[in-house]
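Down below are the structures I want you to see.
Shared between the two complexes below is chain A, which pairs with chain B and chain C, respectively.
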Partner chain A sequence: MNSKVTNRIALSLIVLCAGIMAAILLALLGYILVNGVTSISWRFLTSESSTFLAGGGIKDQLWNSFYVLFLTMLLTVPIGVCGGIYLAEYAKPGKLTSFIRSCVEVLASLPSIVVGMFGMLLFVNYFQFRYSVLSGALALTVFNLPVIVRVTEDGFRALSRHQKEGGLALGMTHWHTIKKILLPAAFPSILTGVILSAGRVFGESAALLFTAGLSTPNLDFANWNPASPNSPLNMFRSAETLSVHIWAVNTNGIIPDVQTVANGSAAVLVICVLLFNLLARGVGKWIHQKLSGKA
Partner chain B sequence: MIQLETKVANFTKKDITEKPVQIHVDKVNIYYGTNHAVKDISMPIHEKSITALIGPSGCGKSTFIRTINRMNDLIPSARCEGTIEYKGANILNPKIDVVQLRKAIGMVFQQPNPFPKSIRENIQLPLKFAGVRNKKELQEITEDCLKYVGLWDEVKDRLDRSATGLSGGQQQRLCIARALALKPQVILLDEPTSALDPVSSSKIEELLLQLKEDYTVVIVTHNMQQAARIADYTAFFYQGELVEFGFTSDLFNHPEKKSTADYISGRFG
Partner chain C sequence: MMKASRGLTEEALSKQTDPSLLKESGLFKQLTNRYSESRGKFLIFSCALLMIVAVIAITLFLMVQGLRSFVVDHINPWTFITGMQWYPDSATHPSFGALPFIFGSMAVTLLAAVIATPIAVGTAIFMAELSQKWGQRLMQPVIEILVGIPSVVYGLIGLLVVVPFMRIHFGGSGFNLITGALVVGIMILPTVASIAADSIRAVPNSLREASYAIGGTKWQTIWRVVIPAAGANLITAIVLGMSRAFGEALAVQMVIGNARNLPHSLFDPAATLTTIITLSMGNSTTGSVLNDALWSLGLVLLLISYLFILLVRFLSRKRVL
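Coming up: the complex of A and B.
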């Protein structure tokens, strides 16, 4: 077999694999959307779910998903980015550093149900946060933090060392070089990582079953006082998210329109993640341009 | 070899008024782990002159130049001994303020490394960190430096565009400009033209000849003709040792050591 033939075979295999991947993705998306889009209506999005009657909506679940996502990101992004910067820029190669790095790796590969059980033991029971938005966000922080650390460290390592040398050679301190040159330069790759992990967090269910709970109090969307028990902003109330809702209605739902609600919710979930990706990419491009000057 | 001789022939020892020594290098040894990369270097660096460091790859010339503004601190395994005296202090002293040192001794690298920011920011970012806050002053320095390196007319209308959109030669001149903005006394250049095309290289060479009127210039170069064309003093490094140091004309026309003669006549390297 000559090298030209080998080359063709390799190329065909790679194209085939890419094609299979894209086909699976499209089929899955198409299936979810085709089945679900018909169930989505303004009423579906803006009405409360019902426990046993048909025609329930997903207003609270949708809100909860975004609220938990927001809190999780608020906790993980600053801590994770700082951790990643530490590992990439400050940590000296040695036992402690490689220990920290293996901890991050182990943490990143924990099954989410284990994170959920851990969250229940620590946040729900030990800290007495009960089934709450806060417990859920903290459990997801455990789940998401290593991803952000990894993404940041990789983003920094992918930068050319010439940038860092340039900053230092111009009489800037290490921290100033990181803050003004390296972090903006690594921003696009960090943002991509954050978006991807946000999608994972938004769709996570197992880690939330035992932390954020399976129910939501009757939320009063006119009451924005975080301390009141039925306020959407209250962090200490239980909060069923969209993906938990899909699981719940499918496994133990007694409403007659289980299929419609589940399909609609799944479609909304997928659409949210897609929109979120597109939006964040747009914003990322805009910020990057702001930081780096026009091309 | 003959060509080289004609090029430097009109440039003899007598024509150079010897400038005072600004940096005294005394018995400098540099190690990477157990690898003894630079061995017992002693040489003067004269102010407002161009000193070229030449030698084959891996001879320690880059390692040595990076020690003069302590850029080797970035490499954890690097270790230096000896003294490099500048303004009465030893640069190699661990207690020295490297931030101040690097402001006084600037550096330009082989690969043009503008920050992925606007042209204006590339010059003003280090200036702001150095404490220049006045907008008018920042603007003036930016303009002066860009004019000095001959870049002003090319970029004055696009100061807010990204510096990464400039050509390689323009990027390198921008890197020199932003180093000059900090008003250093010494400029170190580590093979500043080896990534550039011949036209851009000759522009940089002209700029270096202009620079030595106001600054002390130390340049590492692979290109012997470049050293012969622009340097007042040349140091030949080989296998971590300083084989020969002297006036460029002497070193190229009458090398004292055999390995110097072999290298400059192209027999190795």
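Coming up: the complex of A and C.
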């Protein structure tokens, strides 16, 4: 076979691979949206799930997902950003720094179920938080920290040196240079990364199985007192999130309309994740335009 | 915030004659205060230390809990790892042999890599070598969206599409090893593709130009020059994908069939370390032998994950370029 023919064949195979990849995405999204959107209705989104009757909704699960996400972000962002700043600004090359780097790497590549088991040992059993929103959020914090650390470090490293030198030349301390000059400048890229990681946290399920639990008490959405046991804001109640719900109805579910509920929930989940993706792109672009004075 | 620094400059310039004013306004003091510097440094440093604490805590907690079954319940570690029988609920002879699960995990991981590698590397070559424009405009977003899709959704699709497909064309229940590997293989595609694309882009252009200069075709350049040059990094991409496949729990559990025996063929139901933990952890009481054995499985999972991490470090240290 002459080399030109081989070239043709090989290159078409490569294009085929890319085509398969794109086709997988289309098929996945198409399947989920076509099958799921029909079962999404206002009633589906706003009614409670049922344990054995048909016609259950996902109100509580949807709320739990957002609540756990919110708490996780509240914990992760400050700690992760500080950790990233350390690695980008303060860390001197040495054993300690490379150890911290390895730890971030380890945290990022541990299976999420291992993080879930750790959460069960420490937060659920040892700290006696039981299966709760708080345990779930803490486990997801461990899961999400390395992502935020990396995003922050990359954001800081991408800044031009002049910004830092400018601050230091004014006699500002290093810390104030970071706080007043570098952090605001790195803000857009950090925000984009944070929103993207939010999508990841929103869809996470294995880490929540043993920490947030598989059930939700009857929530009273008129009761916003965080201390009362049936309040949606209570942090110490168990909380099944949307992605855990998809798994649970398929595995132990005895409701007759498993497929409808699972498809509908999956469609809601995927739409939320897509929105996070779009938001991340949009926000990044918008802030960039604002800062560069084009808008 | 940029305003703050600009304001400071203007203020400093206008009040050069009277430095006491600047001191009184407090801004000067605030921005050059050594105490706040050390406070900030302390805050930042403690957050960084938290990473170390987290890793050590995870390792220690799982280690202590995972060793209970050997220390407290006197299960022989060797029979635990090599035993073929997992009958924890048998009243007379409960047996805890984890080999079928370890084997299942390995099989799913390897098969997933075999399924994912050609397509992922092909896509990476397309993005980095063939068409930068389409790679940037089309494939980059495709990969980003695929990475974002939650694993449960992959599991659900596997359950609703792949399982019936297998049942119709290959017989059986459709819940089997190859279905699990296929679902996970598709799940790790975008991860492998995006890291592989980065490693191909990192190959210096001079190598390609040298190949074209001696009359190589595009494919010869890719096959003989670019891929060997990207070598170790390409393998890193695949290993990272494998470590993700190894740790995946719910998506595999939904489609693999959860049999406790060693599968005899690709079309037999199987189980992995993650699936058995997912399934049994909720039904076992804390402190029971079954519960301890599950934590030992968790420990095995953790140790193999560490092996993957070490392998990735080893590979990325051996940078050819």
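Note that in this section the second predicted complex is superposed on the first by the 252 of 295 C-alpha atoms of A that agree within 3 Å, B and C clash if a C-alpha of one lies under 4 Å from a C-alpha of the other, contacts with A are read in each partner's own complex, and residues count from 1 in each chain.
Going forward, contacts are C-beta pairs under 8 Å (C-beta built on N, C-alpha and C of every residue); 3 or more make two chains touch, one makes a residue touch a chain.
Computed from a prediction, not measured in an experiment: that's the story for all the values here.
Undergrad: Have a look and say if chain B or chain C is in touch with more residues of chain A.
TA: C
Undergrad: Please work out whether A:Pro93 is in contact with chain B alone, chain C alone, both, or neither, and reply first, second, both or neither.
TA: first
Undergrad: Per the contact definition in the header, classify A:Gly171: touching chain B only (first), chain C only (second), both, or neither.
TA: both
Undergrad: One more residue to check, A:Pro184. First (chain B), second (chain C), both or neither?
TA: After superposing on A, A:Pro184 lies in contact with both chain B and chain C.
Undergrad: I'd like to check the shared interface: which positions of chain A are touched by both chain B and chain C across the two complexes?
TA: 166-167, 170-173, 176, 180-181, 184-185
Undergrad: Hey, which residues of chain A end up touching chain C in the complex?
TA: These residues of chain A touch chain C: 3-4, 6-7, 10-11, 13-18, 20-22, 24-25, 28-29, 31-32, 35, 78-80, 82-83, 85-87, 89-91, 99-100, 102-107, 109-115, 117-118, 120-122, 125, 142, 145-146, 149, 166-167, 170-176, 178-181, 183-185, 196, 199-200, 202-206, 209-210, 214, 243-244, 246-247, 250-251, 259, 262-263, 266, 269-270, 273-274, 276-277.
Undergrad: Across the complex, what residues on chain B touch chain A?
TA: Of all residues in chain B, those touching chain A are 69, 71, 74, 76, 99-100, 102-103, 106-107, 109, 111, 113-119, 121, 125-126, 129-130, 160-165, 175, 178-179, 182.
Undergrad: Which residues of chain A touch chain B once you look at their complex with the stated criterion?
TA: Chain A reaches chain B through residues 92-93, 160-173, 176, 180-181, 184-185, 291-295.
Undergrad: In their shared complex, at which residues does chain C touch chain A?
TA: Of all residues in chain C, those touching chain A are 1-2, 4-5, 8-9, 12, 30-34, 36-37, 39-41, 43-45, 47-52, 54-55, 57-58, 61-62, 65, 118-123, 125-127, 130, 134, 138-139, 142-146, 148-157, 159-161, 186, 189-190, 193, 217-220, 222-223, 240, 243, 246-250, 253-254, 274, 277-278, 281-282, 286, 295, 298, 301-302, 305-306, 308-309, 312-313.
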